[in-house]
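In the two complexes that follow, chain A is the common piece, with chain B as its partner first and chain C second.
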Partner chain A sequence: MAETARPRRRFRWTSGLIVGIVMMSVMILTALLAPLFLSEAAEKLTPQASQGPSAEHWLGTDDFGRDVLARSLVATRLTLLMTAATTAIAVIAGIAIGTAVWLAPRRIRAAVLRVIEAAVAYPSLIFSLLIAAILGQGTWSAVLAISIASIPAFARLTANMAASISQRNYVSTARLLGVSGPHIITRHLLPNMAEPLLVLTATVFATTLIDLSSLSFIGLGVQNPEYDFGRLLNEALVNIYSQPLQAVMPSIMITITGLSAMLIGDGLAAATDPRGGRKFGSLRKASEIPASMRADSEALVEVDNLTVSTPSGVPLVKGVSLSIHAGEVVGLVGESGSGKSLTAMSIAGLLPEELGVSAKTMRLGELNLLKKNNPRTLATSIGLVYQDPGTSFNPALRIGSQLTEVSRVHLGQSRTTAFGRMVKALADIRITQPEKRMKQHPHELSGGMLQRAMIASTLVTDPRLIIADEPTTALDVTVQADVLRQFRTINREMGTAMLFISHDIGVVQALCDKVIVMNGGKILERLTGEELAAGKVKHPYTKALLAATPSIAERKAELVTVSAKDFALDEVFDDASAAAGGDGTNGTGTKETAK
Partner chain B sequence: MSAAITQNQPVLELRDVKVTFGSGRSAATVLKGVNASIHAGKTLGIVGESGSGKSTMAKAVVGLVKPSDGVISFSGRDVTKMSGAEHRRMRRAVQMVPQDPYSSLNPRRTIGQTLAEAIDPLRANPKEHSEKISYWLSTIRLDPEVAERYPHEFSGGQRQRIAIARALAVQPKLIIADEITSALDLSVQAEILNLIGRLRKELDLTMAFISHDLDVVHHVSDEILVLFHGEVVEHGDVDAVYGNPQHPYTRHLIDSVPGGPGFDIGERRVAVV
Partner chain C sequence: MTEPTMLSKEVQILESQTPGATKGPRGRALSLSPWADYALRRAGGVLLSVALLVVVTFFMVPLIPGDPAVAVAGADATTEQIEAIRNSLGLNDPLYIQFFHYVGGLFTGDLGESFAYSTSVSQIIATKLPFTAELAVLGIILVLLVSVPAGMLVGILTRGGRKKWLDVSFGMLTGLFQAVPQYVVSTMLVVVFAIILKVLPAAGAASLSALILPVIGLSIAPICSIARVVRRETSTVLEQDYLRTARGWRLPSLRLYARHALPNLLTTALTLAGLILAGMLGGAIIVENVFNWPGLGREIVTAIVNKDYPVIQGIILVLGFLAIVLNLLVDIILGLIDPRTLGGKSNG
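Moving on to the complex of A and B:
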């Protein structure tokens, strides 16, 4: 049966969103009710002209004796209607053009997109002034002018989103299935851009309000006897020195409406952002758990009872102990979610701040890794090699300046010294024309060459430990063999200790002296590389992993499918001597049951 | 390599297919005259490293890329010379299972809607096609009730099975599986490979299985085709090619597989203290 992989995100109510919605509701209520009760006060001409504030007229009266407050409140209806209509036209036309462009043949698409871009580059208010001047004065010509002027921006955003969604596999698959263009838009494109479009609509609403008010203010929009906020400001301008209060109310109303639309837009954006709402938890600390027999005080790296947990307290790594001796290559194998990368990254001190790390001991030589260490010490004692050489380099900078960064920043070497040492290091791992490579940009080098350059750069600081996190996963198989050969040579000739993380059993058994099998945040089995290669494994999970691996050496009729749930994960085939003694060859199969 | 003409016609045949991107001085020829054929009920494994042209070959077969030269024929009919309408009718004859199970399913449509669209792209109503949807879901060993659910409720392996069901539901003549296990964990990969193995027997599938993983291709394929820089360097029965590779590149490729018989990365460090 299907298990829930990712629970559906719950809608997050932020305070801004609530305030925005409350404010907008008040405005809508005003728009509905004010014209019913206040029309008379707002529109009837009375002899009490140009009065100051009084109990009867809170904000005074205008030139014709009409109540300023009532006029501002009644104007809400027309203003909101105009703004809503303008936004609706802009949004609907924008979406229609934006998606239709995507359906059009390549040349037409390119041409229309250029036109839209040119239109976006032109200031929209001047554009709408131009349209309003052509259409003439009046309420609906203002609406039309502003909406036409807002279409390009919306169309461009929709086209951009459509372009990115159409890159997804489900769209190309739908085309292969023979689904028609309009169906692709309604079934696949629009539903997947609904959220950003909604957020954008709220923002467009706010800017439209300002634009409409501006048009009315300069006399191109709403004409007497009708009035909106902009028109009221226009009337107030004449008396700005004698009756300053007349300008205050419409201004406040514009601000409140605009602000509430903006708050709703921002609130929706925050609510739909899956990365929002994270809380940061505790830092690393030493735990009170007694020392386990697993750790080894003689070793170069000693990790005793490491646990890593989420801010909400869910344990991800549950008491892992391991040791790495000088000159030893230790492999961590496991499937995704096994905790292998978390274990390695907590040694490197590179876990996200919000994860809680605790351990009895975690040290590299004399360096206590549980404390906040000097970044310089960390950077020079641990060398890191990441999975994807294509993304771990900055594409804008030359290879040389990125590779020599640690030497220059942390070891304080001069540019020339660092450059010279790096060129030698590149030559050492058989990269051709090292000087030329240093001046090139990352895209000019192949993935394998980048990865080897990365390895070379970790070596120039002469680290005590190299942590390699799936360093060959993104590489082609022949290049992978090359890079593994490189690791082997470094280990043999320089005696550098390594922690090598991989999901690939074949890779691990070929390179590593010791192998640690992890699942569900726990160590299930420790064995030597030779034992793994020979298939001498004890834990049923490790056995199942081997049986699940297809091999060119033999064709298995049916692969065994592993389900972590099928195994009693508390049953740990964890040979104490394998970790402590280092030879790890006595296969007594001591069985321990962890708590 | 000459295209072997056999009595029974291959489902798919590529003859001297060339694909060139760009023109003039910046032109890059990605496929340099590729010959290949797949017979009914057989699986052709296509291996090669990045830049070898294996994905371009798949795109050319599916019609996403136009070959600059050569013939691609389905059941003897040349696709490159077909009219637009004919081509649209042919389109459903080849289906592709994409690599990434996370971007291959529309997050806003239920599994039933997704499968209904494959069954009938015009009237994709899951209620009308509920019987067929249940059938295809049971083929991939999922409960028919999952038709009501959305993709985010499924694991990567289950999504990949659904993507396979979607390709099957079209009942195509040929399925192209493009790196369908490379984004998956080992145990999930085993589950998908077992499913593919079972479907090949039950449904007599004709398939092109593209992968960079030689172990995986070895496991699923009848025949194998090795691509190198846009050229076919070796094509033949899978056991023959793996057992006795003729081309030095194939040899090099097979020897690079960790754990394989010819794999060697040098001596271990002598003493571990």
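Moving on to the complex of A and C:
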């Protein structure tokens, strides 16, 4: 659960994308072929006016005896041409403006961005009506009107994306190296925006299609004798009572075209979205495995043979057993992807729901954690502290109402009582101006202060167990020490049992009575705090962890390197890749160590 | 309807590139209270938008290719007629004098005279605006009432990849109605409810029931757009750390979703919804034409065909101004829901 690495992107062909491309191909074919074969039926005036459907005219004829079906098919060409031209103008001009502002001097850039921002606030259709009023009515003035009206929006999106890219290191490096502006655009900005720009282009195509045909529909776009889908519907509306079928075919055609562009856009977005393709799996269950040697019925917390696996069945935690006695602090150490956070969150019952959890036993006191428990009991028995206080607080709510949530919801305390207690608890841990802090929002407090407040809030329910998942990792070193001191004080004064997760063996050593070293979803070594302090470790992986901790390494004065043959290779290697693929955490560190 | 869908795509793309990128600025040094500071910057943005609107509408007439007076008078007008129009449009004055008159007129509520009706433009707008406002306000209320709960419900039900069928059918249905232009939906509504079923009037504004079809025709596409945005935001918010924290507090579902998820997903959803709702003003123009609704939309189309420039200018000014007001309203609501947004954008 620590650092979330970005999984490698793979292009996924979704059924929507395929359907969209097929539909669009059919429309393009229609646009190419229909005018060749059907022009006469579509445009020649005949005496058979306003007829109903017949064998000769499947959808009937219009006021001038022209075949409705043929007209709808022939109109595809002009509609697609206009839409493509509009999209091209809007996209090219939008990209040019959106990227060029990033090369302009700061002041010009700010001004241009503000103007674009202001222009986007207006509905594009109103803007295009203005342009249509200037240019007059007709096919190409409609194209210009809609494309000019679409430029600000596209420019803004490009500028936003260019902004996030131009802040990246390689662009600043290129600037420092004196690479020319246009070169930066073509070499660095555009290639990195290509994917999202493609998606946006498909979307622009769909929306300009609607806008263009809307303009024709209200009579301000394509003019007689030319016709696109919008124009056909405009003509059909006049006869809607006598010839309702006349409106149906153009409606269907425009829907298919718009839908295919939309499907292509959505499909491209989904295909390049690394978050896609997740499956929902099983729930937690008690496993059939017999009790292991590690079972400890005396303990406060007993976990026997815990396994956690992905929906596809890849095991992430493989038979972990541990016990925590009352008043004991147990440390769980290992690097990212070792399964330590998964183990802790299984005990807390907070794993992502698609992961399957099973164990022979998992209990806290008499509370069976494999079952669904009373929320009040769970909330008051287990206190939780998370890794990053910056993200584990709700940004939209005031600190006070978040910290007192459990007291108010589960202990039935009034707002005033709960607030009073929390203010006192904050003052106890030397948080300055506690009343003021309670009224502030999370972004107004420092990370250290938030984390200490979170710890204080877990105490008001007097929990039996506190689970702290890398509580010091996101904090500065000086603040870390402060937070650790707070945990130690709680344990000493209140005797609360703790499960303390960290990748930093130095931190764990300072705090814990027992230390469990995990890697690849398995427990490699169990130590007491004293053994660890004395350096009495057996497993080479633990030695490597110790060596990687500067404070301890200094004492040992020698750098221990670990090689693959020092411990069972397959164990670590398999597990690391499984963990990396499974919960999105980074397993590369393990692989490198193993090699 | 261009920007909203594009914007929602952008959000999707940016989010997929940087997971959890929606963090507010931290520790801004504020001299004033956040609201006062925000109000000042926002007022600047509003002024800029209004200024842009005034400049753009003013330049409409000088930008008309050829002589606007000839365009207005028609091909076979006499020189005297053209000269008269030149004078009434003020085309003989230098550009800056024309602009001065234009802005001066705006301050006194004088938008000029219509060529076609020889009444004042402000009077035309005063009689037509209520019809458009009626349509737009009812539409906006309907859109918000339907799209937010629907999107959130689907987001919650499909969280973590559950109920694949619901996810797919929701995506298909909303995608379909997004892809269909509002005028097509409206025409089909007329065919089904007015011609086949004969339960509702097809056109006009004579009765209260005449409002039903136009409002629905106007709202379906925005409902789908916003519901999609809300659904996506819901699933993003449900995966945030702070929601895990709230789950760790074992809160009841209603409290979890309504108090801890809703404000956060509304932030992004409303930012987009502001533009979508403003876009409904454009949609109203189209829909009014389907239902022969006597609002600003029909009026502006007639005016464009008749080259009645003062009326066009006036209506675009009013619609643009309404769009600015809508965006401002949305931003104020955003600031109330999530104070972090006060540090953010200042424009629009």
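As a working rule, the second predicted complex is superposed on the first by the 524 of 595 C-alpha atoms of A that agree within 3 Å, B and C clash if a C-alpha of one lies under 4 Å from a C-alpha of the other, contacts with A are read in each partner's own complex, and residues count from 1 in each chain.
In this section, a residue touches a chain if its C-beta (ideal position, glycine included) is under 8 Å from a C-beta of that chain, and two chains touch if they have at least 3 such contacts.
The structure presented is a predicted model; accordingly, all values stated were derived computationally and were not measured.
Chemist: In the superposed model, does chain B or chain C contact more residues of chain A?
Modeler: Ranking chain B and chain C by residues of chain A touched puts C first.
Chemist: Should A:T416 be classified as contacting the first partner (chain B), the second (chain C), both, or neither?
Modeler: Neither: A:T416 stays clear of chain B and chain C.
Chemist: First (chain B), second (chain C), both or neither: which does A:N224 touch?
Modeler: Touch partners of A:N224: none, neither chain B nor chain C.
Chemist: After superposition on the shared chain, which partner residues are touched by A:S312: those of chain B (first), chain C (second), both, or neither?
Modeler: In the superposition, A:S312 contacts neither chain B nor chain C.
Chemist: For A:T432 in the superposed arrangement: first (chain B), second (chain C), both or neither?
Modeler: The answer is neither, since A:T432 touches no partner chain.
Chemist: Per the contact definition in the header, classify A:Q480: touching chain B only (first), chain C only (second), both, or neither.
Modeler: Only chain B is touched by A:Q480; chain C is not.
Chemist: Kindly classify A:I134 by the partners it touches after superposition: chain B alone (first), chain C alone (second), both, or neither?
Modeler: In the superposition, A:I134 contacts chain C only.
Chemist: Which of the two partners, first being chain B and second being chain C, lies in contact with A:A379: first, second, both, or neither?
Modeler: second
Chemist: Touch test for A:E335: chain B only (first), chain C only (second), both, or neither?
Modeler: Touch status of A:E335: first partner only.
Chemist: So which bits of chain A does chain B touch that chain C touches too?
Modeler: 4, 6
Chemist: Hey, which residues of chain B end up touching chain A in the complex?
Modeler: 49-50, 62, 64, 88, 91-92, 94-96, 98-100, 103-109, 113-114, 117-118, 121-122, 124, 142-143, 146, 149-150, 152-156, 158, 163, 166, 170, 185-187, 189-191, 193-194, 197, 212-216, 218-219, 242, 252-261, 263, 265-273
Chemist: Give every residue of chain A touching chain C within the complex, in rising order.
Modeler: Going through chain A, the ones touching chain C are 4, 6, 16, 114-115, 117-126, 129-130, 132-137, 149-150, 153-154, 157, 160-161, 164, 195-196, 199-200, 203-204, 206-208, 210-211, 213-214, 217-220, 230, 233, 236-237, 240-241, 244, 247-248, 251, 254-255, 258-259, 261-263, 265-266, 269, 272-275, 278-280, 348, 350, 352-354, 375-376, 378-379, 382, 384, 386, 388, 390-397, 402, 405-406, 409-410, 441, 443-444.
Chemist: Quick check: in the complex, which residue numbers of chain A touch chain B?
Modeler: Spelled out, the residues of chain A in touch with chain B are 1-6, 8, 168-170, 172-174, 176-180, 183, 187-188, 191-192, 325-329, 335-336, 447, 476-481, 484-485, 487-489, 491-492, 495, 503-507, 509-511, 513, 533, 544-545, 548-553, 555-556, 558-564, 582.
Chemist: Which residues of chain C touch chain A once you look at their complex with the stated criterion?
Modeler: Residues 1-3, 5-7, 9-10, 12-14, 16-20, 23-27, 45, 48-49, 52-53, 56-57, 60, 63-65, 71, 159-162, 164, 171, 175-176, 178-184, 187-188, 190-191, 195-196, 202, 240-252, 255, 259-260, 263-264, 267, 275, 278-283, 285-286, 289-290, 300-301, 303-305, 307, 309, 312, 316, 319-320, 323-324, 327, 337-340, 345, 347-348.
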